[in-house]
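Common to both upcoming complexes is chain A, partnered first by chain B, then by chain C.
Let's turn to the complex of A and B:
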């Protein structure tokens, strides 16, 4: 039979056939993904038609029929009968939507504050730089005071004066540190220690050198800030995107530290702390933000002494911070639960105390797991701050609405809304992208587990 | 009843250097999980330099007992004294004891977000306030001792199970403990990796470390242990030298356990 001859011949694989022509290349891709069957084909055609309608409308409304220069809304309507955007209005109202009623000639203070904050955070992305955590902490903890001094102006109290000086000193230190790192290849601390001749001495003495340098910077800042003579701008006329960023910025910066403390408190073995934190979290998570805002501006003043009379903005910021902290606490708790029990045990067995265990072992792992949720909360908070418009703070949304109530601009509503939406989209999209970047890079060495 | 101990007969015992100083004393220790009585009247005293192997069926309370020694579990009655320090709710005492007692876990419990070297230097730096350079020097010495200095910059997730467990041992040693606790250090390992970890532990025994080892590796017990303790249902049923324990077990529960363990 043929069996014998077959087993004698060595096995020789035939070369594989090329794939059928219609499964490769652009045509193949189209067939596979868009026109795989009658249902797919119908869906594809309908979707393409919808996309076409939207794009066509966007181009006609936003570009072809749009008016780029006009002095009143009437002028726009006369030309395009409302069939196109009146971008001219955005030009007219741009300043208000950015700064509210902050006087034109003082707006440089807002810009300067923003630039300082950006500069403070830039070293975060520079490679080489050491002590990034300290840089981030110094910005989050002290910039608000420098910002307040700059934005408010006038005669600031002793507390604000001192804190703003601390902030200014730290800001200068951060950039001196960047300079020494890039010019001399050494950190500011090392350079200070060796320049004062303490390099060879006991490590413990180094601390005093740094404290001394800080003291000198602090006194200089104190004097410098004392020489400031800025017009006082009350918070009641702050507004626009500036106000939105002040509220959401402070809310976001405070949410994580407060949330971590609340989450730890909720897991505490001490009943008083645990009950308090649980009640706090559950209460503020179950109440709409707008209710908390109303209570903050209408009821809080009744409880506080008349002399104190804090500005509405301060009450609103406190309310937003409380709300954000309560939400963040639950996010953090989820992250803490996801960390393996063995990690806690190993840390304890080595003799780490509770705070060191949390800071060095548990939180870094929990935070990495929580990044998407944390950034999700930040984005939610940023958008939620538009609720302050309901209690009459002129944030970017309410400022845009106010534009349409101006006699010359009656009915000018859509364009400010689109403009506002664009700002939120840009800010939130940037956060989202940055969080994806962080997820990829933080602790990139986990490797296989 | 005779038990086949052929395989264990030609094991040479590591020389021991037991002093008469008692370093761990458990007296009348009892512990409950709710209604469940896990540790029943445990009395045990361990001398400096002594090596003790603890065995017994799963769920008999072996882990719970050694975890009481560094307060990963809290006991409810009785006294535990480690290196002269009484274990209680006093945080200072707990810290003092934990500095002296190292522990190696079945699941390694290395810190995945830190490199091998950082795993080893963390406690010396943050608990003992040791300067970083010195901590790294000591860590490298111990990593050499467990034969993986070349892995120092890798993350735990990049190592094999046996390597991870050796790092865990080095990490404990970096705190220069006087007592080491091992909770089934080879049970989560693939068979071919068990001996590399046991070798390190034998080396540690040779250096005179006081060791309490929960394990079912009877070859290791025979070679290293000064005393074998058999636990069942929360009690210490029997304790003896390894020779006596394996060739002449007294209680029926021990005989049954040994026949199951040595059968394969």
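Let's turn to the complex of A and C:
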């Protein structure tokens, strides 16, 4: 009996009503995000109309009225009266926009160089591989020489020969390392040491094994490179996307080490070094890149002995490297300032010297914090490389412009620009998305969540 | 292993490496090395330059600035004609650079705020549209923007094409030669109107200072903002009407093959301005967005709980804090506008780099002097702006321990 009364008087809530139909599901989403009020509705309608106009124009210009095969620009114009794109021209000029005037039968060298670089960098994304920093440094520091030997060809000098051999040896070592890691589950160094029977001996002796192995590889590469017999392709006929990537690649590769040195110099306690670094950074950051490029091509011939007479490309690359280093220095300095002072003090308390403190404690944190900015300046450099077209290097932009001056393709200007724009968009957009990914994965411990 | 010697380095029998590793001498040693390296490099470059100049039979020095520049400049904001000196060319270049940067900065700031706020809009379509705009514009090189819009602007109707003419109120014309606008012609007594405007600005400033002081003293508010607006607009307006409108306009009109009268800017100017604005608006928008997001929602809630109404909350709490994050990137963006206006050279707009670093350099051959002068200009602009920025940062910085 008591049970019954208790159950009658006990509080028993009714089940909740479902939310109003217009706040959930597709209708709710629409009401919340598109038609929240009169102003919102007007904005939505205007935006929809805008999207419609853009999409309609893009489809009409780029697909419906576009011409996909033609031999001259006139042919295109005769068919669509300029109301659609003439993608046929891109097909005709594609090779020029990629390689410039690099001879057709030698273009495999450019492709090979690109493939080597890609292969060199692939271990970065393989999870099991150890020593990624060394792999990255070997690629950045030595690939340019191998690339130069490959792309230039001809009788390259003794310096280039030696450096390219070093690069080839390291490249082989990287992939042997990958192979041993996946096949035997041990790194190349361990395997070499145990194979030669040094495993039981003092750790300090191990480096001789590695040096010996490197020496053998080096001699082999030296001989192999000596057997190369490539036609010489002077830098004056390099061009297109290839040239763009050469300039921006070297700029990007040199930016981080130079920028780190400059940033450390600017924060140094030694007044002479600080003044020089600050002056260098401020000077080259406050002037536009185009003035630095002009300076390179007009003043550098005056600065250097006549007999040196460097090619224009070399002068431009120096200018781009200076510019990139000055910008990177400020980015790195921002990162250094953001690292807590306690980290410096803790590192010193552990007895680390300056370079160890920087390399092991401070830089990893500073660079992780600055990933978005570093990638941002790489993207900026990539885009700024197009400026070399102003001083007459036939990069992708100027090759595209040259297409419109060919007698058969007179007036063919818009499509190469659109194509180049799409190319840069894809490249830079991918880079920024990748940087956001990096920020989430390796920078995640430090930033705001 | 070295044991730290409390008594300092030993006095006897010091090897070279010991001296090098002594804290007291080490930094001096490195600094001397660096200084010597820099001096040696400078000396090397200067010697080479002197030899090269001698070999080419050229002389260094700024004497050439006074000699006649034998070329004409397509368009200039200050008067210039062929036969003026190279120094005049320098000034013309600076003026042309500054005028295009000035308009670009104003438009960039304005549109940047709009796009930045749009990206934060609760409206899904609006914010996505703004993000798409940002992504597309900033991932394409500025030089491509400039060339693209310059190429497109060639397709504008020609001045003689009356049917397709793009005109506003029959007084502003846009065609493939450029943009034509009415030019103001100040009449007699117009300088009085200008003086009155200056007095208005000074008075508005005075009123705002007084109003702030009174509010601090007595707590009473005074509508200083609207009073100021009234003074700045009202005083010159009264003078203008009283003097019988001493300002007329010179309208452009089609005569023969082209427009005559009025003021005009070339097509390259329009394309450059448009491209600069499109490209830099995006960076401005990102700065605005990040600034607004940097003010935590707790600030708004705290302000409401203190009883401030929404408009005051925005004006007194949110915006001042957002500005702290917006202003530095905004100003460096302005600096980039000035620097990037140098890309004008690609489409033939006669800016400083085009007329001085290219044409004058090719004509006179004085590479070092000319490059130094151009860099000096850009450095002056940059350092002035960054000095102002540092001053601002110092004022608004959150004061910590």
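Please note the rule applied: the second predicted complex is superposed on the first by the 427 of 449 C-alpha atoms of A that agree within 3 Å, B and C clash if a C-alpha of one lies under 4 Å from a C-alpha of the other, contacts with A are read in each partner's own complex, and residues count from 1 in each chain.
By definition in this document, a contact is a pair of C-beta atoms (placed from the backbone, for glycine too) under 8 Å apart; a residue touches a chain by one contact, two chains touch by 3 or more.
Small disclaimer: the values here were computed from a predicted structure and weren't measured.
By the touch criterion defined above, A:48 lies against chain C but remains apart from chain B after alignment on the C-alpha atoms of chain A. By the touch criterion stated above, A:414 is placed in contact with chain C alone, chain B being left untouched.
Counted by residues of chain A touched, the larger count belongs to C, out of chain B and chain C. Legend: residue contacts after superposition of the two complexes on their common chain; A:368 is shown touching chain B, with no touch to chain C. In the superposition on chain A, A:307 makes contact with neither chain B nor chain C. Of the two partner chains placed by superposition, A:105 touches none, neither chain B nor chain C. Looking at the shared chain after the overlay, A:229 reaches neither chain B nor chain C.
Comparing which residues of chain A touch chain B with which touch chain C, the overlap is empty. Remark: chain C residues 27, 30-32, 34-35, 38, 45, 48-49, 51-53, 55, 121-126, 129, 135-136, 138-144, 147-148, 151-152, 335, 339-340, 342-343, 345-346, 353, 357-358, 361, 367-368, 371, 374-375, 378-379, 381-383, 386 touch chain A in the complex. Within the complex formed with chain B, the residues of chain A that make contact are 203, 340, 342-343, 345-353, 356, 360-361, 364-365, 368, 443, 445-449. Listed in rising order, the residues of chain B touching chain A in the complex are 70-72, 95, 98-99, 101-103, 105, 107, 109-113, 115, 122-123, 126-127, 131, 154-155, 157-158, 171-172, 175. Touching chain C in their complex are the following residues of chain A: 33-34, 36, 40, 43-44, 47-48, 50-51, 269-273, 276, 282-283, 285-288, 290-291, 294-295, 298-299, 301-306, 379, 383-384, 386-387, 389-390, 397, 401, 413-414, 417-418, 420-421, 424-425, 427-429, 432.
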